[in-house]
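Structure incoming, see below.
Chain IDs A, B, C and D follow the sequence of writing; residue 1 opens each chain.
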Amino acid sequence: MKGLYVAAALAALATGAAAEVKVGMITTLSGGGAGLGIDVRDGFLLALEQSGRDDIEVIVEDDAQAPDTAVQLADRMIQSDRVQVLTGIVWSNLAMAVVPSAVNQGIFYLSPNAGPSQLAGANCHENYFNVAWQNDNLHEAAGAWANQTGYANSFILAPNYPAGQDALTGYKRFYEGELAGEIYTELGQTDYAAEIAQIRASGADSVFFFLPGGMGISFLKQYADSGVDIPVIGPAFSFDQGILQAVGDAALGVVNTSQWSKDIDNPTNAAFVESFQAEYGRLPSLYASQGFDTANLLISALEVADPSEDPDAFRAALEAADFDSTRGDFEFGPNHHPIQDIYAREVVQEGDVFTNRIIGVALEDRGDAYAEECAM
Amino acid sequence: MSLILILEQVLNGLQAGVMLFLMAAGLTLIFGVMGLINLAHGSLYMVGAFAAAGVAAATGSFLLALVAALVAAAAAGVVVETVVMRRLYARDHLDQVLATFALILIFSELTRWAFGSFPLYLNPPDWLSGPVTLPGGIRYPVYRLALIGIGLAVGLGLWALTRRTRLGIRIRAGENDREMIAALGVDIGRLYTLVFALGAALAGLAGALVGAIQSVQVGMGEPVLILAFVVIVIGGIGSIRGAFVGALLVGLTDTLGGIFLPELFKLVTDPATATQAGASLSSMSIYILMSLVLIWRPTGLFGAKA
Amino acid sequence: MAEPVLSVRGLTKRFGALVASEDVSLDLAPGEIHAVIGPNGAGKSTLIGQVCGTIPPDAGTVRLAGRDVTADGAAARARAGLARTFQVSALAMEQTVLQNAVLGAIGAAGRPWRLWRPALSDRDAVATAEAALTRVGLSDHAASRVADLSHGQRRQLEVAVALTLAPKAFVMDEPMAGLGADGSRGMTALLADLKHEAPILLVEHDMDAVFALADRISVLVQGRVIATGTVAEIRANAEVRAAYLGEDA
Amino acid sequence: MSERWVTLAALAALLALPLWALAADEPFTITLATRAAILALAATGLNIALGTGGLVSLGHAAFFGIGGYAMGILASHAQTFAPLSLGPWEVPGTQSMPVIWLVAIAASALAALAIGALSLRTAGVYFIMITLAFGQMFFYFATSWRAYGGEDGLSIWVRNGFPGLNTLVPIQFFGLCFAVLLLAMLLHGRLIRAPFGLALDAARQAPARVLAVGLSPYRLQLAAFVLSGAITGLAGALYADLNRFVSPAMLSWQMSGELIVLVILGGVGRLAGPLIGAGLFVALEHWLGGATEYWHAWLGAILLAIVLFARGGIVGLLTGQGDRRG
């Protein structure tokens, strides 16, 4: 994977001054959250390589999941490298640190992952495009799926921070049943014995949880070991290809919601899954697909216009979203966030590998709850 | 809230406490004997977990994995002690903090370089998985019961070690008077390496045991490190007994605070605000506990008077 | 006899079962050196701590210049005019001799809160400090770092810092400790001179110095004052001989 | 080289770099220099407590973050024209730096007074840990403080203003930060020689002596801690303005650790220590971060080498006087 990056950089170097477009990618490549950023980067660079364009220079930098580092990198890329497009940020808090000031300086920002509500609503911007989802989407889909399944008494939990609070709000926005309990856990918590005991005692018929990264791994392992057999539902983040292997058996059969899955049946997706596996020797994740789609959106718009020469035409081309998405149909809403189907998936085992299989559509053509607040 | 639930939560607090004790015991031993603040103790915890995950994946044996964790962490401890720590014993705490902070950076990146950025898989063995029904109808995971058992056994072992063996006598002598035991002809360098390796092995064991029900990933050591420091400061630095009491206090406060504070807030405000305010306060609870203890007793519960 | 400068009445201090001071009373009159002697573990350090305010007594009072200072802390007693020296030198080792002395003057003047003007440009403080250094014979070493001084010079500096407080009374904890014969002689001469400025409560092991200097001696044994009197009286006291020499009373 | 010359050379270098960058049209280098100046200011604050006072605080991120949030809260209210309600009073937000600075200084000084008053009852490792505990309390509070963004933090669209300057121009903002740093270093330099510094230094080396001359080490150290916290708080406000962003990361224990690293790297208790430490740290972060994905490991190795082989930090190395701490 390092090889590919070098190749892309070399290609850019070889063309030298001919490189017409500079793209800055700020993403998380070190520390506990590095897996997500690496997938975004690899998916993005794969699409770029497949496009065969050598006039796009991508500058990849590691934000170490620290907001001030991300801001500093953005400053550098804008002031010193003079990039026209930024992308790559995985985390909402880093996006909030970088995006508002970048787009106000006329830079385009394409989000391959984070979609905080502020950027979808009151603080939306014409130069900000989210290629993944609004943060609430997958949680909303989980709530909708709970209704379809007939759950009527959910126990819900998430970490005590804005994304966690949004997650529970998102679930409740669509979920119509009763709440058996609602808990905010500590951010970064690793032991969920106390919460699991409460779940057991609550008499719930379903559990919804949003615990990204290591928190989710810990929760699922401990939940499986506790012998509590209330069905669990959650957003795709805890069932992603990257971490499923670490969860193992404990995740089998759990339903999770996602706008992408490797078994979505379209040629783009099949080619993506196959080529990603060939290039990197592992199955692609949700994040890789988002990085891949982001790059293809960018390339599709670059075919039409150059962002430094005609930003309005470039923006219009982005809005048109005329590219082959791994998700099939892809369309932007008025606030530049996707309108898309969100699926329910089930964790299955294929040989030695744990992965997901689509079992139904949880929400069709879902936009987001904040578009109305966006005056663009 | 039923009595059963409360009892179960007390068990959870106890389990969290004894695992913290494994970390804190090494930390406090190293401080007591060598006067060293070791921020890199959390890295040894991580080394243990990664070694266990690696060996478990290769051999499928959980017991071998535990042995590997002990050996790898102890070996890492010996290397760190002989290469770096030795030069720091005579320095002030400030230099020790900086040097061991640097070691955290090095350990984390080396682990990431060797194992990649994705979490590893490590699970309890089949013969320890699933719940049992305890008297009173509490359904409780066998593995967690085993953790409590192992933690208490290690505690007992440490007590016996420091009270009943020659090594223990030397360790205690080392705490009291370094020149004295050097004068008595004990090879102080070897004693230090041994104590450091013992502390490291305990941290590695904790990492492997806890890693099986949590996520084995880079950076897993630092949150535990901070908690372990809170424990030994509450207990009084250098005191194994203090570390034990402190660990149980912190484990119980952390677990029960998360449960009862939101309930408490519900008495005065609406449920949504209460859950959030309760959660916020409970994440601060152990730090509040620690500052209260220090304000009351500036050298911890069992610490020597300054 | 004139009104005592320092007056201690009924000081009692227990540490658990150990009685460190039991009903200790003694006076320090103007112009005198009042020595406190006693075997190791007699409670001399505890007594000094209580007089200077670092150890709170269980019972009893300390009066300085007629005022009850029992409730005051060490700093307040120092400001009230009680200057002490330490058995083991307590000096800022990285600072110069002059800086250590100036610190005393600053403390005496109660002016530590100035952030801008250099301490060494405070003429009053420097004058006080230099006078004190001259008095103890350290003026040649004013610019030396304390860490570079000899042991004897540090003992002298201890006394100089005490002098900068312009005290009403001195409390000196073994000023002769560790000094050679020459050093002891010099220190003895200095103290004999100093007592005219302010009386000295002197705790000392060096019996030659005590017998040469003291106007009065109190003997402390197991936390109790078993005798107080002139040198001659103490030499003759049977109880003292018993305590020191193991003779029958 | 004497310490005075080291200090002057370091200041000259920090001033020359952005001027060169201005001529060479490298605006990001100015941003880097500004970042170094602000971190140096924060570390200068810490150095008063840590170096001169001997108080090893692992909770200074609390003050840094309070300063940052003072900026974030005031500016966000000004941005939305929603007044800030403080009990019965309603106060308008502001985007004026001088006002924000005063609030940042006052708020962090107040916090330092409370934290210091309690923490100074302990000493040594206990002091390190209790300051850490207070820092963590602020961290967790900010993380869940939804009104001001919680974990996500607070963004400001436009940098706050300073009368007579255009702070959006990198070099002007740098000049402002440099001037504040200069003032703080001047204050620290004067303070070391002033009666307060003399007494504080003595309180670190021989507290019994300070007591015996009628001064209270506790009060001296508390005053130093408050002054130290206030300066670090001011740096926090500037840092937030540099990034146009504040988040709980500014309050994390890693931030506290980083500030200590800056001070030790440069030289504990030395006037130029924080400046040199911050300059080196920012440069390392920039160059190593660009060179390798595993740059933290290299940073760790460099820090380790400095602790083990260059006692007294870079200033100690340059002046040839190893450890000043004896």
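To be clear about the criterion, contacts are C-beta pairs under 8 Å (C-beta built on N, C-alpha and C of every residue); 3 or more make two chains touch, one makes a residue touch a chain.
In UniProt terms, the chains line up like this: B = Amino acid/amide ABC transporter membrane protein 1, HAAT family; C = Amino acid/amide ABC transporter ATP-binding protein 1, HAAT family; D = Amino acid/amide ABC transporter membrane protein 2, HAAT family.
Not measured: the values here are computed from a predicted model.
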(request) Could you tell me which chains are in contact with chain A and with chain C alike? (result) D
(request) Point out which chain occupies the most central position, where each centre is the mean of Cα atoms. (result) D
(message) Averaging over Cα atoms per chain, report the distance between chain B and chain C in Å.
(response) 49
(message) Could you work out how far the Cα centre of chain A sits from that of chain D, in whole Å?
(response) 35
(request) Express in whole angstrom the distance between the two chain centres, defined as the mean CA positions of chain C and chain D. (result) 43
(message) Two-or-more-chain contact residues of chain B, please, as numbers and ranges.
(response) 108-109, 112, 276, 279-280, 283
(request) Pull out every residue in chain A that's touching 2 or more other chains. (result) 29-30, 160, 165, 184, 186-187
(message) Can you give me every chain pair that touches, using the contact definition above?
(response) A-B, A-D, B-D, C-D
(request) State the interface residues of chain A toward chain D in the complex, per the touch definition above. (result) 2, 29-30, 61-62, 64, 66-68, 71-72, 75-76, 79-80, 92-93, 96-97, 100-101, 104, 116, 160-163, 165, 184, 186-187
(message) List the residues on chain A that touch chain B in their complex, please.
(response) 29-32, 34-35, 38, 160, 165, 182-188, 190-191, 193-195, 197-198, 200-201, 213-215, 217-218, 221-222, 225-227, 242-243, 245-250
(message) Considering only the defined contacts, which chain D positions touch chain A in the complex?
(response) 26-29, 31-32, 35, 140, 143-144, 146, 149-153, 155, 157-158, 170, 239, 243-245, 247, 249-250, 289-290, 293-296
(request) Name, in rising order, each residue of chain D that touches chain C in their complex. (result) 187, 190-191, 193-199, 201-202, 205-206, 208-216, 220, 223, 324, 326
(message) Applying the document's contact rule, which stretches of chain B touch chain D when the two form their complex?
(response) 31, 37, 84, 87-88, 91-95, 97-99, 101-106, 108-110, 112-113, 226, 229-230, 233, 237, 276, 279-280, 283-284, 287-288, 290-291, 294-295, 298-300, 303, 306
